[in-house]
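Each structure below appears as C-alpha cells.
Common to both upcoming complexes is subunit A, partnered first by subunit B, then by subunit C.
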Partner chain A sequence: MSRPGFVLEVDDRTPPLVVQEGEGFRLEEFPRGTRVVYPPESLPAIRDIDGAIRRALLNPVGREPLPELLFAGMRLTIAFDDVSLPLPPMVKPDIRQRIIEQVLTMAAEAGVDDVEIVSANALHRRLTPAELKDIVGERVFRSFFPQGALYNHDAEDHSNLLQVGQTDRGEDVEINRRAAESDLLVYVNINIVAMDGGHKSVPIGLASYKSLRHHHNSHTMVHSRSFMDHTKSAMHASAWRMGRLLADHLKIFTVETTLDNNVFPSTYSFLMKREWEWGVREQAGMLAARRGLALAPKGLRHNIYQGIRAPYGITGITAGETEAVHEITVAKVHQQQMVEVQGQSDVMVLGVPYLGPYNVNAPMNPILAACMGLGYYFNSYVGQPVVRKGGAVILYHPVEEDFSQLHHPSYVDFYEEVLTTSTDPSVIEAKFEQQYATDPWYIHLYRTSYAYHGVHPFYMWYWIAHALDHCGDIVWVGANRRAVERMGFRAASSLADALEMVSGTVGRSPSMTYLHNPPHLLAHVR
Partner chain B sequence: MTSPAGHVARQVLGGALLRGARQDLRAVAKGWRWGRRSLVPRSAEPFQPPRTSEPFPTAWARSPVASVAREGIQKLGLAPLLRSQVAPVVHGLDVLDRFGGPVIFVANHTSHLDTPLILCSLPDRWRRRTAVAAAADYFFDTWWRATGSAMVFNTFPIERRTGSLSSTPGDLLDQGWSIVVFPEGTRSPDGWTRAFRHGAAFLAVRHHVPVVPIGIRGSFAAMPRGRGWPVPGRPPVTVRFGRPLRAAEGEGPRELGARVEAAVAALIDEDGSTWWDATRRAARGQTPSTSGPDVARWRRVWTQTQPPAVGKNRRVWR
Partner chain C sequence: MLALELFRSIPRYAAAKAMAGRMPGLLVGPMAPLRLVTREEPAVRRPGWARVKPRLSGICGSDLGAVTGSTSLYFSSLVSMPFVPGHEVVGELAEDCEDLPRGTRVVIDPVLACAARQTEPCDSCRAGRTNLCDHITVGHVSPGLQTGFCRDTGGGWGEVLVAHRSQLHVVPDDLDDERAVLVEPLACAVQLARRAQVPDGGSVLVSGAGAVGLFAVLALRQLTNAARITVIAKHRGQADLARAFGATDVAQPDEAMRAVRRTTRALRVAPQDLPGPMSRFTGGEGGMLLGGVDVGIDAVGSTSSLDTVLRSTKAGGRVVLSGMPQTADLSPAWFRELEVAGTYASTGDAFEVALGLAREAPLDGVVGGRYALHRWREALDHAHSAGRLGTVKVCFDVRSRA
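Moving on, here comes the complex of A and B:
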C-alpha cells in the first residue's frame, strides 16, 4: 500500500531535509513552520507488462483494436517520445521498446510491409544511434535503422513536412509528411508529468517551427496557469486545436503509459525516503554520497549522475483515441503525483536537480537550470501557484556557465548576446527569435549534428515567463553570481541570506513552502 | 580551471574532505538524534506506517551464559545503583514462598523505575527465572536498545499497537519462566493508573498460571515520565506483592482481569493505610479508585508527585 503525498510542517523534531542542487545535494535546516510538500509513494506497478500492453492494444478506448486497423499494403508509421523522457532514463528494457515490439508483431501478422519508425523530437536535438537503440531495443534497431526506416524527425526538411491545414484561429498545422500521409500513425508515449501526452504528442513532437511558434511563445506561456493542467493552459489549448484538426485528416492510435515514482535506484535509497524515516543505511548512504561527490572531479560527478537509470514501474498502459486515452492517463498521473496544498505561501523553495528534459548526456546550463526551476517546478501546480503573486522563489543550483557546444550551440549565443540585451521574454521574442530560428548555421547543426534548434533557448526562456510575471523576487542559493545576474536574478550563499534578501518583498517572517522533488509531484493548491 | 587530480589533491590534502565529513557527521548526529530515540515530526505522524518489523529475537538473553552475565549486572550494578538513587521498601514477598513458579507478575506502571524495582525486589531464585514484557515499538526499535534491555532486564518484545499477542510470553510460561506484565500498556502520564488490558489475564487463563498482583507507589514521584534519572534525595518507593490469583473454574480473561485490577488497587490502598483497613474496604467494594479524581491535570500530577509517607522506624531507644 503506497502512502499518499502530504504536507509536512517543519518542527523541532524534523531533521535536516535533502535539497537537490545540480550534480549534488545538501542537507538544509528549514525554519520551523516551513511547509514541505512530499510526493505520494509509488503506486503498485503492473507486474505483467507485456500482457498489459497486449490487452491495451486489443481493447483500446474509442478505437478499433489495433489488429483491425492493420492491413497488407498499408503505410504504418510509429512515432515515439524522444530521449527527453523519462527523467532519469529508465532501466532497460524501455517501455517504448516493449510497446513498439508488440505493435510490430501485430503488423507483421497483418502483412504490413511499409513501416517507418520516427523519433518525435520536434526541435530537440537528434538522438544518436545509441540513444535510438536504447529506446527501441536491439531487435527493432537492427531491423529498421540500417534501412533508414528508423530515424529522427527533421523539422527543417521541408520536403518531408506537410501543411495539413489551419485551425479556426489561423494556426498552421504542419507535421512530418510521412506521418501525415500514413494510413495509421501509432504514437507511443511516456507520460511522466501531467503536461505530457494527449495532443501534445503528435502536433508538437512531429511539427515544424512554423507550427510550433503558435503555442511556444511568451504570450501563451504567461497564460498557461499552469502548463501542468492542460485544461487551463493556453499552450495546450492551441495544441488541442491542432490535434483535433489532425484527427480529422489522419488516423492516430495513441498508446500512453504512466510511471510510478521510483526515480532513483536502490544505491540512492535515501533520496526516496522521507528523512525522519532514514535508518542507518540511508544515513550512511547519504554521508558516503556527499563525501564521494565532494571528492569526485567534475567530469566523474557528471558521469555518475548521468549514469543514473530509474527503476520505474509502469502504473498504466492505455491505447486508443488520443483524448479518451489521455483522460485516463492524466488521472493516473494525478493519482501518483498530486498533493493537496492549502493556500499559497510568501516564499517557495525549490531544489533544481542535475537533469531536465533537454540536458540528457549534457551539462545543465544556466538557461536550462532556470527552465527546470522556474519553468517545470514552478508550474508543477494545478489551481494556483504555490507562491502568492508578488512572492519570492528561492532556488538551489550551482548555475555554472557550463554549455555543451555539441547540444546547445545556440544557447551560448543566447546567453552572451540576447540575455545581455534583455531578459524580458516578450522583448526577446520580438527582437531576436526570428534571427535565431532561421539562422542557417543553427539549422545545419540541428539537421546534421546533435544540436538543439536555434530557437530552442527562446522556448526555454518563454517557459519561465509565467514565473517571471508572477514572482516579486527570485534568488538562487549557492549559484554562480555572474550567471544568475546575467539572467536577471540574484545569488545568495545560504538560505538565511536568501531570506534576508527577499525580506523587502515578503517581510521578515514569511510563510514558506518547499517542494520536495524529485520524485515528481504536482501541488494542487486550494 | 582545476585538473581532476588537482581537485582530488585539494580535497584530500587541503583538508576540505575531512572538514566536510566532520560537518556532515555533526549535522546527521544532531538531526537524527544519534544515541537517542528517533522522532517523527508531528505533522507526519498520521502518515507513519505501522511497524511491521520482525520481532527481535531474545532467546539468546535467556541462555545460561547470558543469565550468568545478567546475574552479575543486576546484583553488582543495577541493584546497588537503584538503591543509591531511591529508597525501595518491599512488602509481601512471603507470598512467593508459598508456591513455585511460573507466575505472571502484574503491576501498575508509572515509571521506568518499575521494572528494576520489581526485579531487584524478587528473591534470587525468582528473579533468575523472570522475563519482562516490553513494548516492541519502544524498547526494540533499534538493535542497541533491544540488545541492552534484553541483556539487563531479560525483556522480550510485545506488540502493543496492533493488539496482537506474540507467542513468546506463552512459550516462556510453558518453559517455566515467570513474566512481568504492565497491563496498562504504557507508563501513566500523571501517576494514576489507567484501565488494564486483559492480555495478562488471557495468558493466565490459557496457560493455567497464577497472577501475582504488585502495587507500586512513589515511582512516579521519584522518576516520572520524561525524566531520565530519579529526582535527587533518594525518594522512597514501595513495592507491595499481593496474594496470587488463579482463574476459577469457567472464569474468563475479562473477569480475572477485573479481579487483578482490583487487587492491584487494593495493594496501593493497603500501602497508604493498613492491610486490615484496605481489606475491609475491598470487602465493601470501597477501595479508592486508582484512576484518580476527575480534576485538572495539574492537580492529578500534583497529588502523585507527593512521595509516599513511609513510616520511619520507631526509635526503640529514646
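Moving on, here comes the complex of A and C:
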C-alpha cells in the first residue's frame, strides 16, 4: 500500500534533506518550521500492461471500440507524444510502443494499409531516428521508418499543414494535413503531469506557429492559474476551444496513460525515499553518488545523468473520446501526485534537477533552468501558488551558460540579444518574437537539423511570466551570477545568504515551504 | 628640443616583431626602437612652411605598429629614419604662416602631398585626392607618407614640428584641445564613411571598437543612411561607447557572426564532421554566412577581424579595410564577388566635416590619458591596453613636464 504525500515540518530531529541542483544534489539543513512537501509514494502499477491496453482499446469511454473505427481503405494516422515525455525517459519497452503495436495489430486485422505514424513535436526539435526507435520500438521502426511512414511533424512544411478553421475567439486551428485529413487519428499520450494531455495533445502537438501563438503568449501564460489545472488555465482554455473545433472535423481516438512515481532506478532509490527512513543501502547509495559525481568530470557527469532511465510503472490506460478520457487521466494524476498544503508561505524553495522537457540529451541552459523552476515547478499547484503574492522563490541550480548548439541555437541568440534588452515577457514578445519566429536560419535548422524552433525560447520565457508577475524576489543558490543576473534574478552562495537577500521582501522570519521533487508532486494549496 | 625619436635598429625591430604578441611589455621597455632625445628643431626652408608647437598629440594604432614592428615592410621605403612620430596633432603656430598669424591653434592634415612637397601636382592631387599622392617620396622634403613618418618635418611627439600651409586647419575657439586632437582620426573616419558607400537602409558591420571603429560608427551615423550598424566590441566600455555613437547592435568577437546573422537574417554555414582542431582552418566555429551585411569594415587590422568581415559580408557587398590589414583568407572575396576597398587618411573637406563632428559628437572623456613626453613608456603601455582599460585615445601632453 503506497503512502500519500504529506507535509513535514522541520524540527530538531529532521536530517539534512536532499535538494536537486542540476547534475548533482546537495543535503540542505532547512530552518526549523520549514514545511517540506513530499510527493505520494508510487501507486500500484498495472501488472498486465498489454491486457490493459487491449481492454482500453476495446472498451473506450465515449467512443466506439477501436476495431469498429477501422476499415479497409481508410487513412489511419497515429500520433504520439515526443521525446519531451516522460522525464526521465522510461525503461524500454516504452508504453507508446506497446500501444502503437496493438493499434497496428487491430488495423492490420481490419485490412487498413494506409497508416502513418507521426511524432507530435510541434515546434520542438525533431527526434533522431534512434529516439524514434526508442519510443515506437524496433519492429514498428523497421516497418515504417524506411518507407517514410514514421516521421516528425514539420510545423514549417506549409504544404503539409491544413487550416481547419477558427474558433469563436478567432483562433486559427492549423494542424498537420495528414492528421487532419485522416479517417481516424489515434493519439497516444503519456500524461506525466496534470497539464499534459486532453486537448493539449492534438491542437498543440500537431500545430503550427500560426495556431500556437494564440495560446503560447505572455498574456495567456500570466493568466493561467495554473497550467496544472486546465479549468483555470487560459492556455488550456484556448487549446480546449481548438480541440472542440477539431473534434467536429476529425475523428480522434485518444489513448492516455499515467505513470507512477518511480522516476529513478534502484541505484538512486535514496532520492525517492524520505531521508529519515534511509537505511544502510540508501546511505551508501547517497555517499557513493555524491562522491562519484564530485569526482566525475563534467562530461561524464552529464552522461551519467542523461543515461538515467526511469523504471516507471503504468497506473492507468484509458482510451476513447478526448475529454472523457482526460477526466479519468487527470484524476489518476492527482491521485499519484497531489498533496494537500494548508495555506501559502512567504518563501518557496525549489531544487531544479538536471532534466526538463526540452533538454533531453542536452545541457539545461539558463533559460530552460528558469523555465523548469519558475515555469513548471512554480506552477505545480492547484488552488493558489505555494508562495504568497509578493513572496520570494529560492531555487537551486548551477545555471551554467552551457548551450547545445545543435538543439538550442536560437536560445543562444535569445540569451545574448533578447535578455540583454529586456526580461519582461510582454516587451520581449512585442519586440522580438516575430523576428525569431520567422528567421529563415532557425526554420532551416528546425526542419533539417535537430533544433528547437526559433520562437521556442520565447515560449520558455512566457512559461515563467506568472511567476515573474507573482513573486517579489527570486534568488538562485549556487548559480552562475552572470547568467542569473542576465535573466533579472539574483544569485546567492547558500540558503542562509538567499534568506538574507530576500529579507527585505519577506522579513527575517519568513514562513517557508520546500517542494521536495522529483518525484513529481502537485501542491493543492488551500 | 625634446622629442621621441623612432630610430632604425634591426635587432630591436626583429625582437619587437618576434616578441610583440607575447610580451607587449618589452615594447615599452628596453626593446623599443624609440628614445627620448634632445635634438635640433626641424627647420623651415621654404615659403609656405611654419613651425608648429604641438599641445596634444595622439597615439595612433599605426604609431604603435611602427614601435612594435608590426607594420608591413611595404612601408619601409615610404618613411625616412630617424623620425619623430605623431600625426594626430593639435598645436599652435610658432610663427606666421601665410594668412595665419602666430599663435593660431591648428590641427594638421598629416599627408605630405604635392602641395607640401612643392612638386608638380600628381594625377591624384590634381583630382583632389591628396591622400593618394604619388609624390610622397620626392620633392624638397625627405620621403615620408605623413608628418610623423618623415625625418625632416618632425612629428607630434616632439616640442616642435614644421607643417605646410596646405596641411593646416584652424581650430575654432569653442573647440577645446581634447576634442581638437581627435579631428585627424575623425577625418579618417569621414573618409572611411565615404569609401564605405553604404546603400540607403543598408547594414554595416564594424569589426573593432577602438578609436578607428568607434569614430567610424560616429561618421557612418552622421554621413550615411545606414539602418543597422553592428559593432564588434571586446570590452564593455567600448560597447557602451559604440551604442552612444550610434551602433544598433554590439557583439563580442566570438559572438560576431551570430549577431550579424541574427540582424541580417542570413543563413550560417559551418563545416560538418570536421575534428575540432580542423575547424580553425575553416573559419572556426563561426563558419560563414550566406547573406550578411551590405558593408563590412575591418577597423582592427588583424587576421581574425578581416576573416570575420569577409565571411559576414553578403554576396556583392563591400569590404572596407580601415586598419592596417593582416593576411586573411580571401576566398569569400572571390566566391561572393566582394568589393574590397581600402581607406587611408582623408581628403577633400573631410577635415571640415571632422571639425563639426568634434564639436557636436558626445566625445567628452574620449581622451582617457595625457602623458608628458618623458612618461612615454607609461603612455605606450596605456595605449597598448587602451580597450581593456576603458580608454579610447591616449595623448602626449607635449608641453607638460609633470
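As a convention for this text, the second predicted complex is superposed on the first by the 526 of 526 C-alpha atoms of A that agree within 3 Å, B and C clash if a C-alpha of one lies under 4 Å from a C-alpha of the other, contacts with A are read in each partner's own complex, and residues count from 1 in each chain.
Keep in mind that, in the parts below, a residue touches a chain if its C-beta (ideal position, glycine included) is under 8 Å from a C-beta of that chain, and two chains touch if they have at least 3 such contacts.
Quantities reported herein were computed from a predicted structural model and do not represent experimental measurements.
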item	value
Which of subunit B and subunit C A:412 touches, first, second, both or neither	second
Touched partner set for A:299, first subunit B, second subunit C, both or neither	first
Broader residue contact with subunit A after superposition on the shared chain, subunit B or subunit C	B
Touched partner set for A:32, first subunit B, second subunit C, both or neither	neither
First, second, both or neither for A:16, with subunit B first and subunit C second	first
First (subunit B), second (subunit C), both or neither touched by A:8	first
Touched partner set for A:287, first subunit B, second subunit C, both or neither	first
Touching partner for A:444 - first (subunit B), second (subunit C), both, neither	second
Residues of subunit A contacting subunit B in one complex and subunit C in the other	none
Interface residues, subunit A side, partner subunit B - complex	3-4, 6-11, 13-16, 27, 29, 274-278, 283, 286-287, 290-291, 294-295, 297-300
Subunit B to subunit A touching residues, read off their complex	3-5, 7-8, 11-12, 16-17, 20-21, 24-25, 27-28, 31-32, 38-44, 47, 49
Footprint of subunit A on subunit C - complex, ascending	249, 251, 255, 258-259, 261-262, 265-268, 285
Residue ranges of subunit A in contact with subunit C within the complex	405, 412-413, 416-417, 435, 439-441, 444
